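Next up: the structures, one after another.
There are two complexes below, and they share chain A, which is joined by chain B in the first and by chain C in the second.
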Partner chain A sequence: MPREVQTVRSGWRRRAAAIAAGVLAAGLALLLAAVCAAPGPRRRAHPDRIPVHFWHMWTADWKAVVERIVAEFNASQTRYEVIPLSVPSASADSKFLLAVAGGAPPDLMAQWNQVIPAWADSGLLMELDQFMTPEEWTRFQAEVYPVALKIGRYKGHLYGLCTAVSIWACYYRPDHFREAGLDPDAFPETLEGLWAIGRTLERRAEDGRLVRMGFLPQWLNMYAPIFGGGFWDEAASRAVVDTPANLRALAFLAECRKALGFNEVVRFESSLNQGQGGNVDWPFISGRYSIVVDGQWRVEQLARNAPDLEYRAAPIPPPTGGKRHAGWSNGNFMIIPKGAAHPEGAWEFAKFWAGWGDPARAAEFCTWGGWLPLWPPVAEAPAYRAFLAKHPAFGTFLDVLPSENIVPSPPVPYQVFLNDQIGRVDDYAMRGTKTPEAALRGGQAELNAELARRRRFGL
Partner chain B sequence: MSATPALKMPLRRRLAIHACLLALCVPCLLPLGWMVSTSLKSETEIFPREGQAASAFRPAQLVPQRPVWRNYPEALKTVPFAAYLRNTLMLCAFTVTGAVLSSAVVAYGFARLRFRGREPLFALLLATMALPGQVTMIPTFALFRALGWYGTFLPLIVPSFFGAPFYIFLMRQFFRTVPEELAEAARIDGASEWGIFWRIFLPLSKPALATCALFQFFGAWNDFFGPLLYLNDPSRYTLAYGLQQFLSSYGGKWAALMAGATLFTLPVIVVFFLAQKTFIQGIATTGSKG
Partner chain C sequence: MNAIRRHLAGYLFISPWLAGFAVFTLLPFVASFFLGFCRYNVVTPPVWVGTANYEELLRDPLFWRSLANTLIYAGVAVPLGMAAGVGLALLLNAEIRGMAVYRTVFFLPHIVPVVATSVVFVWILNPDIGLVNSLLRLAGIRGPAWLADPNWAMTSLIFMSLWAVGGSMVIYLAGLKDIPVALYEAAVVDGAGIWARTRHITLPMLSPVIFFNLVMGVIHSFQYFTQAYIMTQGGPQDATLFYALYLFYRAWRYLDMGYASAMAWVLFVLIMLVTAALFRTHKRWVYDAA
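For the complex of A and B:
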């Protein structure tokens, strides 16, 4: 190669090396700046107190509320220091299970996943009624809202202390009602009536695509109790799938879906942002739904994110012959794992949050998070009444809360399997790939096979 | 000096080949492009509003109408990015150093030293690669807890100093390609076994070492489960863990979320491009592919 070419090439290489070194130096400088700007490890505020490690799954605005409640507890006494840790909800159960198995569990965990039957059955959780006197336990069972007790109880013992209950109801847009020539003050009394109104409120583009959903009844878990069904046979103490009432519910949901067009609904729903975290893109706020079934936490979010939006809330109306104020429910509850280093401190904090002995303070907490309380004294406290006056829509959910027709998932250790089967049954019928009869029959057969398998293994 | 075969090709043919390759790249790059594009859009541009039906995807949608740069500061403000970056880089630095050095030493032993049971031991080592992580998770966790390392960085760093089976395998294959005569010549000159490893084999193995370093860097950078299991102090979280936290917290804020994801991905892309040549050379010479 000619010497001049070699000289040019080596010059180019030197320049490239200089540029690379420059980029590297800049990167290192950035790294150094990042390292200098980063805060150090967290220090305990009260090192002289007994630490109570508390894991929860709240994030964003709710995390701030949790930390505020923790700060209130830490300021209210001098024996314990609750140390909160927010764990990503998608992996919280794995972290918890491994920590328990590895002998380093937290003292307390706030949960909303349906874990109590499975974890209690596996001996991972402490019975919380052991922290109460017999009189306290009796009074507790009599005073709390029925659904809160059902959520936390398994085989006669309390494993989860509810701090808040979730109730679902209809949110609707009066402006859409007026636009369609309907009276927003006359919300339908029956589910059939609600469905008919939903069709009136529906809007489609010229090519037939849905641009606004009037009302879409969906989710068998929610509607089965409304039709008088459900997945738990109290008398026989066993889970069921294929019952006449469940068939009525599934057939209704499938008929609605068919009338709207199976593919049309999928296409419409896939175009929506689900509004996680309460942002302004919840389809109800953006007007993509006229009537939608959702939880009570939306009231507070609506006040924050869409203060000028006119909306109302009403209980899901029952179908003809169905049950009033019915549906599925879940809640936030506290569990204490076996092997917890300081279960007494954990129990003290759980009681503090739930309003045991001081409902007025718990009422404050409920207003901070937009939560429904564990028992009536909290709901009757002045702070909660003031909250209701400020957010009248919340009253709808509170009205539904005492109903015996609100049920959680069946208290069986194979709850995950059961919910999976219910989901599949629902999915088959909603996609039109199976008739509701065949879907439920298949789900029941799968459940029977699983129960037989569990019997074989002595579970 | 003769031109390379690629340069000998007619220009038209070269252009056609490049066009085909670019077309094949599009499906791979589309998600990345969507991520960057979404990170520069406003929330209203990402999702249609009332009265607007969702339209089919058009490539033009990838270009933001008006780039919203503030999504980036918002993403940085939402999570303590600096602390997460510091922790991640610290973990990367330690685990890369540990994994590469320890694996190289072990690999040299398997490649060059003759001892009884070498082959069965190597087979046993390879067999550990087939063990799912879930099987060893609980005993490992219990061990680290017993050592008092729970809640510290040590369970994430120390194991990398005990060799990684895949890297050992990779480097052993590379060391076997180095001519024995080089080692013999060094021995005649009085070099010890350690000297041969350090002065002859390691300098010759830069591509293999760089490949292992890159794999380890990507692994440590993306590791979510390790920090989830062993860390309990938010100030010690890593970027992968922080991004998951961001997803849980602000799953609806797609623009900020994608800005965070872009910031998370960018260093990996930069590192890969900087080390691309060595990486490919290393893969080619060890006969492995990912």
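For the complex of A and C:
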């Protein structure tokens, strides 16, 4: 290669290297500036007060609501300062466990995962009834909605104070009803009737693909109580899977799937965005479902994301011989870990949020979050009544709330395992891989094996 | 004395890494061996249970299922990835205009974060509106439900593994560049065709790199986790319940850290055995220039 060409190339390389070094230096300088300019940890507004570290899992709009409630509490008294922290829900449980194991837990945590039996059984949670006088505890048990008590109680003690309960019911589209020649004011009284109407509302493409689901009954956890079954034998205080009522429920769900086509339903469902977290693309809004079972929080989301959508809500109707106003439920609840530095402050804030002694205030909070309350006085407060007048569909969920037939997951320390097994049973039957009988039998065998294992391990 | 001082300086320079290794790798490694013989839920002190966790493993159908899934994945995805990597490297070793661009294009997927890739592939493999089934529909074929179908979920993940084949391809390319041109020239003079040159020069000379990628690929396959965790969570019907995923569930979902530790040690021994077995085959097919 001629010497001049080599010289030119080497000069070009030097320039390129100099430019690259300049860009790198500028990038580093920018990064440093960004780090310096970033806001540091939030300063405490009331450093003279007792701090109450509060973890929760809400994000986006709901996080703003939580911070508003915290601000109300901090403004309402002069002893405590609640310091909220939103932790990612996917890692919240493990973060909590590691914090407890490390001896630095928060003072209070808002939860909705099914953690109470397992964590209480491991001695991680404080009994909240110890903060009440015997009279208060008795009155509390008598006044709160039954399901709220079931969610928070384990082995006779309260470990979680519900601030809101979740109830599922049917949302349906009157426009689809009219289009199919049905009367939207005559919602079916039985599950069988609802299923039949769902088939009328269903739409398929020319190649047989489902493009609109009329009604898809699914989720054994939800339908087992509706058929009079469930997974908790109260009399024997033990979890069960394979019962005649559960079999009736699973057989009904599997028959519906079979009629729609097992594979067709899988394909239809995979093509949907489930609209979680308040998304505007909830398939009900886009008309992919005519009737869908979902929670009460959708009412507020629909008002915000689809204000012009005509819809109604109705309780899930029971099958012939089944139970009215039944189903599965969970809720938002407050737990105080053992080792919390300031449990009294944590309890004060939990009570404040739940409306203890001031239901009108809790009613305001419930309307901000679109939540169902812990006890009837909150629902009867003027703010909540105004909210109901504005969102009539919410009344459906409130009507179902007091029912004794609404149940949470069984209060057993192996609740996660049990729920996984129920999900497995459900999945086998819904795909037609096993008959409902075989699926339930298999689930019960797995449960028995787990119980035997726990006994061998002295649990 | 000077030598000691010099070594000490070296150890001091790497002391942050040494401290990190000791605290975050060595200590948990040793602790997990002990915990494998305990009942332990992270928050309460471990309770000695002897070999009970290992005995439970033998009885646990999900343990066997997850092991089988992992072996199937390793047995299919690793050879497939090696064939694709070598094939691509051979193609991209040609001296044609714009080759650097082609190489970059094939390497780029490798540097995309696995989580992002997984989320995108969930949509690409969507049965109804995914890219793959849309293309199949153009050809008049109704594609399977891929990740939602127990019969296709594993296959989907195996095919998806080819997406990041660019990483191993670059190593193969580097290996190809190391093969002396004189060997090919001599072969051409002797009348060897392209297949003969590939069979008798390229592959033997590339065998050390192939061996390296084989060992690394097998080890990574045994630890396969992220894609399954994000895309299928082990389903449908445990079709993609990989060993590492099940281990994670036992540890953090069921808080059964003792059982998970036992699983981790079984995995460790398995990986050591398979790697040792591969090294035993080393002399038979790997060219050693030394």
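To be clear about the criterion, the second predicted complex is superposed on the first by the 444 of 459 C-alpha atoms of A that agree within 3 Å, B and C clash if a C-alpha of one lies under 4 Å from a C-alpha of the other, contacts with A are read in each partner's own complex, and residues count from 1 in each chain.
Following the convention adopted for this analysis, a contact is a pair of C-beta atoms (placed from the backbone, for glycine too) under 8 Å apart; a residue touches a chain by one contact, two chains touch by 3 or more.
Small disclaimer: the values here were computed from a predicted structure and weren't measured.
Once chain A is used to superpose the two complexes, chain B occupies space that clashes with chain C.
In the overlay built on the shared chain, the residue A:R453 is in contact with chain C alone; chain B does not reach it. When the two complexes are overlaid on their common chain A, residue A:S122 makes contact with chain C while staying clear of chain B.
Legend: residue contacts after superposition of the two complexes on their common chain; A:S270 is shown touching both chain B and chain C. Legend: residue contacts after superposition of the two complexes on their common chain; A:S94 is shown touching both chain B and chain C.
Of the two partner chains, chain C is the only one touched by A:Y428; chain B is not. After overlaying the two complexes on the shared chain, residue contacts for A:A104 are found with chain B alone; chain C is out of touch.
Touch criterion not met for A:T320: it reaches neither chain B nor chain C. Shared-chain residue A:S286: touches chain B; no touch with chain C. Counting the residues of chain A that each partner touches, chain B and chain C differ, and the larger count belongs to B.
Once the two complexes are overlaid on the shared chain, A:V416 sits against chain C while remaining clear of chain B. In the superposition on chain A, the residues of chain A touched by chain B in one structure and by chain C in the other are 94, 98, 101, 209, 267, 270-271.
Those residues of chain A whose C-beta lies close enough to touch chain B in the complex are 1, 20, 23, 27, 31, 34-35, 37-42, 53, 57, 59-60, 63, 85-91, 94-95, 98-99, 101-104, 203, 205, 209-212, 267, 270-281, 286-288. By the touch rule above, chain A contacts chain C in their complex via residues 93-94, 97-98, 100-101, 118, 122-124, 207, 209, 263, 266-271, 414, 416-417, 420, 424, 427-428, 431, 433, 449, 453, 456-459. Those residues of chain B that touch chain A in the complex are listed here as 1, 43, 46-54, 80-83, 85-87, 89, 137-138, 141-142, 145, 150, 224-225, 228-229, 232-236, 241, 244-245, 247-254, 270, 274.
Against chain A, in their complex, chain C makes its touches with residues 39, 41-44, 47, 49, 52, 56, 59, 126-129, 142, 145, 147-150, 235-237, 252-255.
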